Amino acid sequence: MGVAEEVKGELEAKFPKELKSSQVLRPRAIRVRIDRKDLLPLAKHLKAAGFEHCSCISAVDWVTRYESVYHITSWRRNVLVEIVAEIPHDDPVIDSVYAVWHGADYHEREAWDLMGIRYEGHPNLERILLPRDFQYHPLRKDFPQEVDRQYISRRKLGGG
Amino acid sequence: MSDHLIDLYPLCQGLIAFVNDLVGRIMNAVAGGIEGIGIAPPGAGQPLRDQAALMNSPWVIGLIAWLVAIQVMILWGTAINLLVMMWMERKFYSRLQDRVGIKIGLTSMDFLARIPILGGLFTNFVKRPSHLGTGFLQNVADGVKMVQKENLTPAKADAFTFHAAPVLIASSTLLIFAALPFSDGFTIMQSPNPFGILFILAAFSLAPIGILIAGWSSNNKYTLIGGMRSTAMLMSYEIPMILSLIAVVVLMGTLDPFEIVHRQAQPISASISQLSFLGSAGADGAIYFPNWNIFTAFPAFLVFAIAILAEQERIPFDLPEAEAELVEGWLTEYSGMRFGLVFGFKWLRGLAGSGLLVILFLGGWTGPHITLPLPGLSLAFPFQELWFMVKVYLVFMAYVWISWSFPRIRIDQILNIGWKVLIPIALLAIFLSIALRAFGVYQ
Amino acid sequence: MEWDLVAFIAFSTLELVAAVLVVTSKRLVHSVFWLAVTLATIGGIYVLLRAEFIGLVQIIVYAGAVPILFLFGIMLTRRKIMEEPHEAE
Amino acid sequence: MAEVGAAAEHGDSMWINMGPQHPMTHGLWNLKVRVDGEIVVEALPEIGYLHRGVEKISEVREFHKVIALTDRLCYVSSITWSHAYCLAVEELMGVTDQIPPRARYLRVISNELQRVASHLMWLAAYGPDLGILTGLLWALRDRELFLDLIQAMTGMRMNQNYPRPGGVRNDIPATFERDCTKVVKHFMGKLDEYEDLLGSNKTFHMRTKGVGVISPEEGTEWGVTGPNLRASGVACDLRKLDPYDAYDELSFEQALDKDGDSFARYAVRMEEMRTSCDLVLQALKKLPKGPYRMKAPRRAEGEAYRRTEDSRGEALFYVCGDGSDRPYRVKIRSPIFCTMSAVPTIMRGERVADVISIMGSLDVCVGEMDK
């Protein structure tokens, strides 16, 4: 049994109801799927279990729902846990894991900036990549991709 | 000692006589053609007689001769040397960095080949004009570019002090060259000059005020911090510089640069009799070990060399204008030729510092030479100015070498080195000199 | 004409004017500048009085001392030393 | 801005903008530092000046066309970024196991050459930061050799477009092995010269030792990765921990240091250049014959991630597909983006002059940071 199965077994034993699904992706990576309300307990448990590095937080807009995907690594055990937290589309709010991993700081700000998911409990949830007065969250699927290009071409047609 | 090559006084006399004559002829030609005016009747010869007499008085001729001499000295001492040193530095560090460096020279001007008469001489220049030169004219081109640029004054700057500071810095630096001798005859303050070294130090110490004022008046945070740092650094390195100078003065017993150089020209056995095996001044042309202060006061030399390096704000000590953090330090807001002035004067301070180092420690303009057998003249070769410039350029090259192979150090480290390392060594050097004199080892 | 006298008058006039300006200047740096001019002209007067050594030492010491005075002036007075654009609002 | 104004009123400290146009920032970003005299009280990075919306643009391009965008994430390290993206896409398409062995070795070679070129660019930028312009010229001189090699390999000098889902774009030219061996051996000799110029230079030690110390705990907490974390003693080289391509068939040691200061970061990067040279030589020796690319499917569905050891740290691509020929979502994890979040912590209590020493040693690349 590899280390991934070990971690998977631990998580399943600790959170039997909360895990919607869990699978081993590669010998050193597992994926678990949870609801947004179970994120903080899981995060705290992982942190206590030696997962000290928050690699990445990705926000995905699946039109019917949002997902906040956490890649959490343990350097010592050399295993990665991918947590997929599901968020309803009409209420894009999830707990912040800033208190658990400070490295989540900029990732959560970026996800708020580009995807519009609000991370409750983040100390400084401001736009980071886009200007402060920008009004949209451009990575959402309802943000049209071609707007700017049309705008530019119209401006060019107009002679300016 | 060598004779004068040109006597300026008769030269100026002849020049003035020529101008007077020319003016008289023109006046005669113009006024003589108009009848009835009568200011210059034909044949009177000298229409402006009284004026010509004034111009011919020895007083005026002497003044003009002096002005010409001073101009030549200042021009050669500063402007030409400035260009040469900049060129040397740029070429030298380019070689350190494994590249060729600047190449704009006379050969880069391909229009020379198009001049009909001279065309044949310069045909080769056309092919790759910018890749053939020596690079000497690059600095001239940079200077011309600087002159063409606009002189901006920042909106909230304190205009009076902002404009006064470069003048203060430039004039105080030029003052150094009034007392810095290049040879026995080459100086504005003539030999003997009992306080020459003191005068140079006084002129050296004027610049920090200008730098501080420049940094403050630009109303910019970078310049303010740069000015503060610069002043703190220059002040704290002036103290070891003067202390190490005292060690030399104790040995030499004088503040006169001419006297200091003459004493260093003697063999070392004349001062320390125990070292007579190193040779003594015997027959003319004999090679002997000179009495340079670098041998007898080495700690002082070390301290002085490092202090001069800091006075030039060269790279290990270039925190005042550390470009990575403070953009360009205290001269950030200057533009155009005003920038060129304060920037270029760093090299002049380098020249003055290296010159001072050579005079104090490396025997000044003395060195082995032969007397050229010219009719009516006794010219020494290599003449004194050549010896001096060779030494100064070598010292300057050493500084360039150091500054392009070290990173800059932090301001607190700089001040620590100044106060905790250099000042104790300088005090030790003074103590050593006094001991050498007190026990009669050094006469 | 006595050139010494002319130089003395020039130096002392400059010194007096600069000394007055030290006191009347509103801005710190202007006072410091005029103070430096005052002290340097005093050095010049020493030179005129055939006390070259004292004159040059005067310039070395005071040219060194004035920036330190200025630094203390900046450090110890709690006045704003820069024109902050946003403070005008 | 309110807090900035308040601090200025306070009078003891002042804010200095180091950027967006400042010699310290290698690129377009702004580090606001509040200084009390020479001591940094507070530092606030402001980024986003170079945001190009790579993630959004990727969503309307076919999988293989996105590579042209990932090339431009970081102009000094194009191949490693495209490579990370290709790995993620292969994982998404489920063809990871079918990559031809030759392609896997070619990827190692191109990656390591690119890593050396990138580290040399870092060295070139770090020299003038500390005042050694000579370091800049020397590093750029040697980087040119590696750019030539990469050009022979990919056909491009900058923004090399080399990795593909399923392999690499083209095979190496016939003389490549000879040239590469020659250059790499020559460069390993040059590395000793750098040691003379920088590593054994007392003044360099004065500027870098004990400056900007990142403790292992702090670094892991804030998500610092790559050479910056390995300088603190955390073994986090993904080439070892999560091997991809042919790295598990090659022998190498990850460069580690324990001090966590600027000098340790310098030493780790220099050591890494040696390791990379060694890896290139090994891979060239072991380079198998065969095809250099397999035909990857055009469509993909699901989610997949892959992480690689980029020149600056952990690069992670999270790619989603919805069954069409375009990625549904591409998420890029930039190592420098995360390192930047640790900068306020690192900077507190340092001197203004050391801000440059620290930021230079972190190796900032704005292109990948702002995406």
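Structural remarks
Order of writing sets the chain letters: A, B, C and D. Residues in each chain are counted from 1.
The rule is short, and it goes like this: a residue touches a chain if its C-beta (ideal position, glycine included) is under 8 Å from a C-beta of that chain, and two chains touch if they have at least 3 such contacts.
On a predicted model such as this, the values are computed, not experimentally measured, just so you know.
Across the two candidate interfaces, B-C and A-D, the one carrying more C-beta contacts is A-D. Centrality annotation: D (chain centre taken as mean Cα position, compared with the mean over all protein Cα atoms). Centre to centre, using the average C-alpha position, subunit B and subunit C are separated by 27 Å. One simple way to say how far apart two chains are is to compare their mean CA positions; for subunit A and subunit D this gives 23 Å.
Note: centroid distance subunit A to subunit C, computed from Cα atoms, is 66 Å.
Per-chain Cα centroids separate subunit C from subunit D by 55 Å. Along subunit B, residues 221 each make contact with two or more other chains.
Partner subunit A is touched in their complex by these residues of subunit D: 47-48, 51, 53, 55-57, 59-60, 217, 220-225, 234-236, 241-242, 303, 305, 307, 314, 316, 318, 320, 328-329, 331, 333, 337-338, 340-342, 370-371. Taken together, the subunit D residues at the contact with subunit B in this complex read 14, 16, 18, 22-24, 38, 127-134, 137-138, 141, 197, 201, 203-204, 206-207, 351-356, 360.
The residues of subunit B lying in touch with subunit D in their complex are 93, 96-99, 221-222, 225, 315-316, 318-319, 322-325, 327, 404-413.
Residues 27, 29-30, 32-33, 36, 40, 43, 52-53, 56-57, 59-60, 63-64, 66-68, 70-71, 74, 81-83, 85 of subunit C touch subunit B in their complex.
By the touch criterion stated above, subunit B contacts subunit C in their complex at residues 156, 158, 160-161, 164, 194-195, 198-199, 201-202, 205-206, 208-209, 212-213, 216-217, 219, 221, 224, 228, 231-232, 235, 238, 242.
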